[in-house]
Structures are given as C-alpha cells and as structure tokens.
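Quick heads-up: structures coming right below.
Two complexes are shown next, each including chain A; its partner changes from chain B in the first to chain C in the second.
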Partner chain A sequence: MEEVTATVVIEGAGVGPEVAEATTAEKKGFKVVVAVDDSEISHYALSWAIDYVLANRREDCQLVVLHVQHFVETFMYPVAGHAVYAPTLSIDAVRKAHEENSKRVISRAVDICKSKHVDALTAVAEGDPKDAICEAAEKLHADLLVVGSRGLGMIKRAFLGSVSDYLAHHAKCPVLIVKPPKGSHK
Partner chain B sequence: MSTSGSSRGEHIVPEFDAEKVEKGLFHQAKEGKITMVLAFDDSEHSFYALEWTLNHFYSPATGGGMGFQLVIVHAKRAMSAANVSGPGTSAEEVLQDAEMDQRKLAAKTVEKARAICSAHSVEAVVEVMEGDAKHVLMEAVAKHHADILILGSHGYNSVQRAFMGSVSDHMAHHAQCSVMIVKRPKPQKGTKKQTHKA
Partner chain C sequence: MAEAKERTGKKRVMVAIEEHECSHYALEWTLLNLKPTISSPLLLITVQPFSPFTYVAAASYSSPPQELIQSMQEHQKQAALTLLEMAKEICAKHGVDVETIMEMGEPKEVICQVAEQQNVELLVMGSHGRGAVERFFLGSVSNYCVQHAKCSVLVVKQDSGKKN
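This part shows the complex of A and B:
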C-alpha cells in the first residue's frame, strides 16, 4: 500500500551534511538515537535521555536526533472512492508544509540539546514512522534507540503508543521507552 | 513526589508548562545517583542484558558508572501446594523440598549475577524477591525509586507472547519508570561469506 522509503539525510546541527561521520560511528563510544516528532513527550524523552542516559559522560556519547517526516501521498481518495492523482501543486504544497514542520521539530530538538550543552547530529527520514525509525537506527548503527512512550495520539487509556510498541519488538538494537512524568502538574 | 494510585493504570496526560518547554527545561538533572533496576533471571537474555549494561554504563571507558546505581532483581517463584502435590505424595514434605530447590536455584542465579558484576569491578545491589516476575519488578521499581528498568528480551513473536506472556511487554506498558529493553542481536543471515565492500 504505502511505499516505505526510509531515506535518511543526516546533518550536523547547523553545519551541513555529514553523512559519513554519522554512519561510521567510530568517533564516539555510545551512539544514542532519539526519535522525535511533534509530540511534547518526544521532546521530553530527548531531554530525559540527555539527563539520564548521557548523564555526566557526554563526551563519550554521540547523540543523534531522528525525525521521521510525514509521508506525502501521491494520490488521494475523495469521497466517491476512485483514486485520483493529486495535482502537482497541492503535492508540493503539502510537502512544503511537512518540511516546515520537520524544521520546527528539529530546531526545537536542537535547542534542547544546546541548552544542555550537547552536540547532537540530526537525521531526517521519510516514510512510515515505525519502519523508518527501525531502518534509520540500523543505518546509523545506534547503540540505543530512545522513544517516548506515547506520541501524537495521546489517548489516556493507551499505556504505550503503537510506534513505541512496534519498536520495542522489532528494533534490532536496545530500545529505551521514556515514560511521562508521574502525576499531573499542579 | 506523590505517586497516583495505579491499580487501573489510568495515565494522566501530563500538562507541560509551555514556557518551560520553550526553554527546554522539562526538569532538572537528577541530584544523586540515577538508579537502574535490572531484571535478572537465569537466561542467556538476562546475561546479555547485564553485560551490555555494565559495558555501556559502568565500564572505565564510560566513566566507571559514576552517578549510576545498579540494582539487580531476581524473581523467585513462590512454591505453593498446587505446584507440587500429586497422587500418593505428602504435600508437606514435597513442598519443603521444592522450596529448598527453588532457594538453591535462586542463590545460584544470584551468584552468577554477582560474579558478572565483580568481573566488571562493579558493586551492585542484588536482590531476590519472591513472586511473579511482573509484580516483583513493579515492586522493585517502587522500592528503589528506579529511574530506569532494564530487561532482557526473549524476542518472542506475537503468538508466543499471547500464550506465554511477556514480562518486557508488560513492563513497557505498565512500569512507572522508563523501560530499557536490551535484545541480543540476531545472527545476520548470509553475512559470513559476504566480503566487505569499502
């Protein structure tokens, strides 16, 4: 049905493409890939991972912020039910909106890293989040993959989001699921 | 820090303070040691998880475990008469023997865990708690105020999980703290004969 194209574009934060560095992974000891999306909890997970996983040994760790961009469908199904190829203009507009969104997400994540004095690489993949994150973690040779326990669809009764659940079972590397802070804020 | 009753486990969606979020100030870095509870049974998966944790958090190259505290928890099965009685057996005696065996097994498992830690020159707290693994781990997390719960994974597929239940699955859903699932890497198919292309 959907094409899973997990193209991974890796950039040093604000520096430019550094694909080779991110994929060879020999430079630093422990490679932590944190998947972020629009949700609050994924940014919380990033912040938490910096404090609790990188902790006081940041020099030995390489942090990679991974964002999976929404996939742009090339066709749409209007109510009548026949597939219609979307006009190029609207595809471009949608794609542009997704890219803007990605930039926002990434820049917010990078801000969090900077405020905690962590040098992070960023990576953007496109496609179905579950598969894209798995593939990207492999390509990046992640030692640890970090995800929030729930994502955009924060349903109260769902203890674990579908992406985190999928990654817990299918990712080839260790997975850290970050839970939201306990209780409600007063 | 008050913990809300979790009998039904209704997670309250946290309200993030927008201003703090903007500044990336979700919380302060932890004062005091970061506590890791590692679930340990007598399986290859647990050994791997323990070794992995020690290598990546407690080795000299990674700071020697400064700022981290490791608590290893082993769940010992509670023996009841239901487990041991059969025709023509005296439940009392058999129960006692079974209990002894369980204790010996648990002691051996604990020894193995301690040995692995010593090999890495790490001082860890090792505990045996009686009961079903899921309950034991929930208790251990609460008792030690764990920041991270570490589990190996048997890597069951969905059918196996439905039949046998998965502790790591359960903890990923219900644990109050963050959960780290450490899997043994599967042997890659066909890599032995592949020549590495530069």
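This part shows the complex of A and C:
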C-alpha cells in the first residue's frame, strides 16, 4: 500500500491562500465540507447541501468546497523488458492537466455557490480520494461531510470501490451521501 | 436543476431508530443541526428483526413452545416501543412533530423499502462504529442503506470528542 499524503491547500474564493482561516477550529459555527469532482452528482450534492443544510443559517455556517486530485506519480512502465522512467516533460504535462481539471471543477462549484449567494472557501487535496477526503475533513475540522453518490450497482461497487461507502464508515464526522434525484437514473 | 416543487426548503426526513444509543445520538444531531429544513412530521422508524427466533428453535432441539415465542415477541415489541418513546421525547424537547412507524422484518431492507414508500428525501442513521471484521460478519444496517436507499442518507457516528 503506497503512502498517501494528502496535501491540502486552502484558498478563499478568488483570493490568495488563506490557510489559517479554513483550518482554525470553530471560527464559524458549523463547518460543512462538500467533496466535488467532475461528476454531475457532486455538483447536485453541493446544491442540495446549500439548499437544505445551510438553508437559512448562512451566517452560522461555513462551506468548504473540496476537490481531490489524483496523485501525479513518477511512474515507470516496462518497455520491451527495460524499465523506463516517464520523461519529466510528460509528468509536468500530466500535472498541468490535473491542475487545469481541478481549477475547472472548483470554479464550477464556486459558481454554484455564488449563484446561491454563499461564500465558500475552496480546498484542493492530492492523493487517493477516499483517504484524502477523510484527512482533509479532519484537518478542516468539518462538522459535516457531503458527497454525492452515483449509486453504482453492486458489482461495479465491489470492483471499483466506493468513495461514499468508505467515507460513511471512516470519516470522523457525520457524512451525508446525496443520491441523484428520483427519475434521473434507472 | 430540480423542479421548483422539490425545493420548498423543507424535506421529508426519516430517522432509523435501533437498539443502540447511536441512533438517539443521530436523532439529536439532526434536530440540532437540520431542524429548520425538516418538514413536519419527522418520521421515526424502528424495525424488529425476525431472527432471534432461530436460536430459540435450536436451543429447544425442536420447535420451541408457543408461549416462549409469544413472550419473546411481546418482549421485543415492548423494547421497540420504549425506544420509540424515548425518541419521541427527544423530538418533543426540540418541538418537532413526529410520526412513528414500527415494522417487523429484516431491518436494513425494511428501512429502505419504507423510505421509498413514504417518499423520504433524507434517511438518517446512526453508525455503530464496528470494526471492519465485525461489520463484515454481522452486516451493517447503515452500510446497506447507504448503498441501497434511493434517497440521500446521513450517517452520524457517535464519536466522542467531536464537538458540535
């Protein structure tokens, strides 16, 4: 099992890093961390959380939008029997692509927050999603963690693993798993 | 985006009450933090499992006496009612109207079924915090519901030291 380190970078929406504000315990009343990725369901989960958790208590609550990037590793791939290290250029390219993706996901999430008049902090973590979200939620002293769940079928879930299942049991704080609205799947 | 009628600002919530105090903790947590958006009434469900009777049969080497089964059922029913009463009191303390549902069967399946029948939008459960091995063998109601419920699920762990 490789070492997973989740590095968490927290930024205020659009402004420079404000690490201290996001990690200080109980600066604001109730901290809700929403994990987002590319999927529709995670953005739906964000909307859901804003509508039903933050609701009328905006002043009391602090929303943090969290995105987890996959690790960019230096990988070796065997080519004709010889191990080859991936050239630095391609690693940088991959890293850049990941960052672009992250920015896109975060900015879409921030747009949703803005359209609902919510000030959100953003956070980016790197690593394996399950562990990184758990760790980030802990570092951020989350009072509630929100994730979307696509409702993978039994078999897919067994092979692909499920982030939301993992979080429901391993996260230290309460976990809200948001499912797609009725009628949108099946 | 969802239709306007779904976003009235309140949602139908059901809390699963089980024997462990973690479900009362989950109920309290929900009332403390989500009360404004819970539509009245809050649903409380408790499900009595059928299973205890299997070991009674085994212990008796044959079919157990009718009175024994009946008294066990009564006892279980009483226990379930007590749990519901305690939960109702917690809700009354917070000024929330409740509707209680008592069913018999396999808890995890029944909870999911009822959630669908009742058009529940949020299902709340406590989590025992059992270790991985225990959970594998004994099963976990919250695990099942997270996977199978069609609605959103909130799992509240009873974790000491996590302040609100």
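Everything that follows uses one rule, which is that the second predicted complex is superposed on the first by the 161 of 186 C-alpha atoms of A that agree within 3 Å, B and C clash if a C-alpha of one lies under 4 Å from a C-alpha of the other, contacts with A are read in each partner's own complex, and residues count from 1 in each chain.
The rule we apply is simple: a residue touches a chain if its C-beta (ideal position, glycine included) is under 8 Å from a C-beta of that chain, and two chains touch if they have at least 3 such contacts.
Because the structure is a prediction, the values reported are computed rather than measured.
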Fit-or-clash call for chain B and chain C when the two complexes are aligned on chain A: clash
Partner chain(s) touched by A:D111 [first = chain B, second = chain C, both, neither]: first
First (chain B), second (chain C), both or neither touched by A:H43: first
First (chain B), second (chain C), both or neither touched by A:I177: both
Which superposed partner A:R57 touches (first chain B, second chain C, both, neither): both
Most chain A residues touched (candidates chain B, chain C): B
Chain C-contacting residues of chain A that also contact chain B: 30, 47-48, 51-52, 55-57, 143-144, 149, 154, 157, 164-165, 168-169, 171-179, 181-182
Touch list for chain A against partner chain B, complex: 29-30, 40-41, 43-44, 47-48, 51-52, 55-57, 60, 111-112, 115-116, 143-144, 149-150, 154, 156-157, 159-160, 164-165, 168-169, 171-185
Touching residues (chain side chain C, partner chain A) in the complex: 1-2, 6-7, 9, 11, 26, 29, 33-34, 36-37, 122, 127, 135, 140, 142-143, 146-147, 149-157, 159, 162-164
Complex contact set, residues of chain A against chain C: 26, 30, 47-48, 51-53, 55-57, 143-144, 149, 151, 154, 157, 162, 164-165, 168-169, 171-179, 181-182
Complex contacts: residues of chain B adjacent to chain A: 1-4, 9-17, 21, 23-27, 29-30, 34, 52, 56, 61-63, 66-68, 147-148, 158, 168-169, 172-183, 185-186
